[in-house]
Amino acid sequence: MADARIDAAAAAASTPQMSRGEVLLRGQGLTRRWGGLVAVNEVSLEIERGTVHAVIGTNGAGKSTLINLLSGEVPPSAGRVELLGQDVTDWTQPRRARAGLGRSYQRNTIYPSFSVFENCRLAAQASHQKPWQWWRSAQRCEVSRNAALKAARRAGLDDLLEREAGLLSHGQKRQLEIAMCLATAPQVLLLDEPLAGMGAEETDRMLALLDELKDGHAILLVEHDMDAVFRIADRITVMVNGSVIACDTPEAVRKSPDVQRAYLGTH
Amino acid sequence: MDLATFLIQCLNSLQYGLLLFLVASGLTLIFGIMGVINLAHGSFYMIGAYMAFALAPVVGSTFGGGFFTTLAVGTVLAVALGYVLEWVFYSYLYEREHLQQVLMTYGLILVFEELRSLIVGDDVHGVKPPELLSGTIPLGELMTYPVYRLFISAVCLLLAGGMWFVFTRTRLGMMIRAGSTNREMVQSLGIDIKFLYRVVFAAGVAIAVFAGMVAAPVSSVYPGMGGQVLIICFVVVVIGGIGSIRGALVAALLIGFIDTFGKVLLPQAAGVLVYVMMALILLWKPDGLFKAG
Amino acid sequence: MGTTTDRGKLAFVIACLALLAAYPLVGGKFGVDLVTKIMIYAIFALSLELLVGGTGLVCFGHSAFFGIGAYAAVLLSPQGASPSLLWILPACVVAAGVYAAFVGALSLRTKGVYFIMVTLAFAQMAYYVAHDTPLGGGTDGIYLYTKPVLGPLDLDSAGGIYGFTLACLAAVFGALAVLSRSRFGRALAGIRVNEQRMRATGFSTYPYKLAAFVVSGAIAGLAGFLFAVKDGFVNPELMSWHLSGAVLIMIILGGIGHLRGALIGAFAFSLLQEFFKSEAIFGAFAKHWTLGLGLAIIASVALLPRGLVGVPAQVRGRLTGRRGSAGSGGSHG
């Protein structure tokens, strides 16, 4: 099943009419209030297949809450979320994940005591669960094994498959975080600060990976590293205090006086 | 049930509920501030009750004092016990997983029970309320109500009010609240967090011991009382919502009423009623009645 | 490097089972009775290990399921004829499983300390039903007058119940070992390590946890059933929270995260108990055996956080000057 999805995504990407422009994830008027505090205020955005859409903003701007609203971890106080054309506002996070929404976290959520391969395999198992077959060894599940290998390879972890995940370098752990995201062959990727704590070389590698992944996926990227964002993003949304103050191409955002005043000027 | 009986049971419910609230707040305090789940909290209650019984003659012959002197001496001893215990044992539990805390404090329960058995024995005892408070007040035409039970309710309310005041209006309370959410920051402000935790723990122990001492004249003193009160305290926290003091008060009073009236109206089901109520509340509100805060 | 291989684990377990099979040839009446009891506790401990070590759910109310299995054995037995094992054993297991489904449905929405408290409270609920209502027969307990039969198997004889319990132990151990390697078992392991990541990947974790809870409760019910058949007597203490505490200690003493830890822990704890109760060693002080036990519990949790299972690795590490690496997480043996 996961195999078929990876192939379908690749096929879709290679068809010119379908590849660009198709909106895979849409948030409309998303609002989240905690008591008196408004963390996210009427935020709308769209993420198209084949693009990287970055969300930037100062600390406390609401970026993490926005990602949580889109992924389903936090229910919105108002607004809608649409995934692949379907209204998923009431869907739980696992359900959205199974429908093609992948997510990586700012803090590593890998399984440190398992091997790199097992990390990917367990993630891939989500598309092929079959829990009632309690006598069948999970290691023999061809579907999840193949999907795991594909994902690990794509993330550049082929030669580290047997290594215990907790012993990886920080950059490798972030790669594994992406690999686990890819293991279920999602169509939309929500990446929360994938470059966090990375050095220059590791950043280059990760950006190359993300560039490769554009093909066939819609990527939402929350990042603090401005150079990286401007290198890779097709569109940038700027948030301040929970609201969107700009949503445009990187050049336009760079030139926008509002943005410069609110954010880049103080950078 | 006539009005006078109903009133009596209401007052009993109030008294039991307030006592439970006092003990439960000691438990929540230690858990909320230091993150330690302390199963031995019930044992401190038991120690308080047995102290009320065992200390009375000692205090009588040494100081010539009565009940109130025993209360004072007992509380001082409890603070000392709490201080030493935190230093020697509980401070090692802060960084540990909950499972380890549960088991180590469970081991402590066994130790306390046996030490009590060795020192005072396993008999059930009654404790007399002090002369001053052993009277009754009339309730309606035929019934009367023991003054001592009213005293318990009053003392619990006073202590609860005192705790609220310390927490919200004093510097110490502010430091404690800050220490629970941000250890490092408090330490960097020059406040000795270790000492703070020790004080909080000693206070929690003293509250439980005091509650046991004060309750002894009405609940009698018997070996299993620690475990019983502990589990009921857990139910208070579960129903009230973990971290919520308001919830603990509401839950404790609710349990007080259900348990008291249950024993009168449905004696066979009385023990189970509280848990049935807990199950129903969890069905309706899986996180308890109130959220933390 | 410092880990036990799968083959090593299997060899160890087979050796244990073989020793247990051979024991009645040398053990006296008291010994056989004691070891039967310990094996029943081992089954009980294995059921809890599935929950605590396998899924990360610390349940402090497991004695309820044990007690329900035991009480069901007595209450469902007809007065006159001996019931067939074929229906009464599953019935008791299902009874325990049903209560586990009820408790699980209400408590699994909670986490951490909260979960510990709720499970304890629900066990007390069962305890009070047994203790106070006529259903439970009160503090005196109830006797089992007719023991179940299955063909030539005589569960009334010490040898019969010993052999049957050993067979159940082997079956439960084998089944849980297979389960832990299955997709279901791996999902539970993932939930234990990082439930949030499992959800983000697409696993609806609640049904998995509930299923684990019910299976765990059912196996505890099996242990309770065996206990009732062995002793021919049940009382509310089988649901006491002290038993819930004891079985938690067994698995932490043996080593959480390892099935053989439950086996080792059950033996270690029971033998420790017998040691402290022994008048030959402690004389008159033996009646205060819970003091020694309490201190031993504190010491073992403090000094052996990885349990007895972790001792060979610790020793090996000391001898070779290297640290034993943590398990590869591939299996749970």
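Labels for the chains are A, B and C, by order of writing; each one numbers its residues from 1.
Quick note on the criterion: a residue touches a chain if its C-beta (ideal position, glycine included) is under 8 Å from a C-beta of that chain, and two chains touch if they have at least 3 such contacts.
A quick note: this is a predicted structure, and the numbers were derived from the prediction, not measured.
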Problem set entry | Shortest path length from subunit A to subunit B (each step joins two touching chains) | 2
Exercise. What is the chain whose Cα centre is as far as it gets from that of subunit B?
Worked result: A
Exercise. What chain is most central when centres are computed from CA atoms?
Worked result: C
Problem set entry | Distance from the mean Cα position of subunit B to that of subunit A, given in whole angstrom | 49
For this session: Mind checking the centre-to-centre distance between subunit B and subunit C? Centres are C-alpha means, answer in whole Å.
Result: 33
Seminar exercise, completed: Cα centre of subunit A to Cα centre of subunit C, whole Å, reads 42
Problem set entry | Contacts with 2+ other chains: residues of subunit B | none
Seminar exercise, completed: Interface with subunit A, subunit C side, in the complex: residues 178-179, 181-187, 189-190, 193-194, 196-205, 208, 211, 325-330
For this session: Would you mind writing out the residues of subunit B in touch with subunit C in their complex?
Result: 31, 37, 92, 98-100, 102-104, 106-111, 113-115, 117-118, 227, 231, 234-235, 237-238, 242, 268-272, 275-276, 278-279, 282-283, 286-287
Problem set entry | subunit B-touching residues of subunit C, taken from the complex the two chains share | 52, 58, 60, 106-107, 109-110, 112-114, 116-118, 120-122, 124-125, 128-129, 131-134, 241-242, 245, 248-249, 252, 256, 288, 290-291, 293-298, 301-302, 305
Problem set entry | For the subunit A and subunit C complex, residues of the former touching the latter | 71, 73, 92-95, 97-98, 102-103, 105, 109-115, 118, 122-123, 125-127, 129-139, 141, 144, 164, 166, 180, 183-184
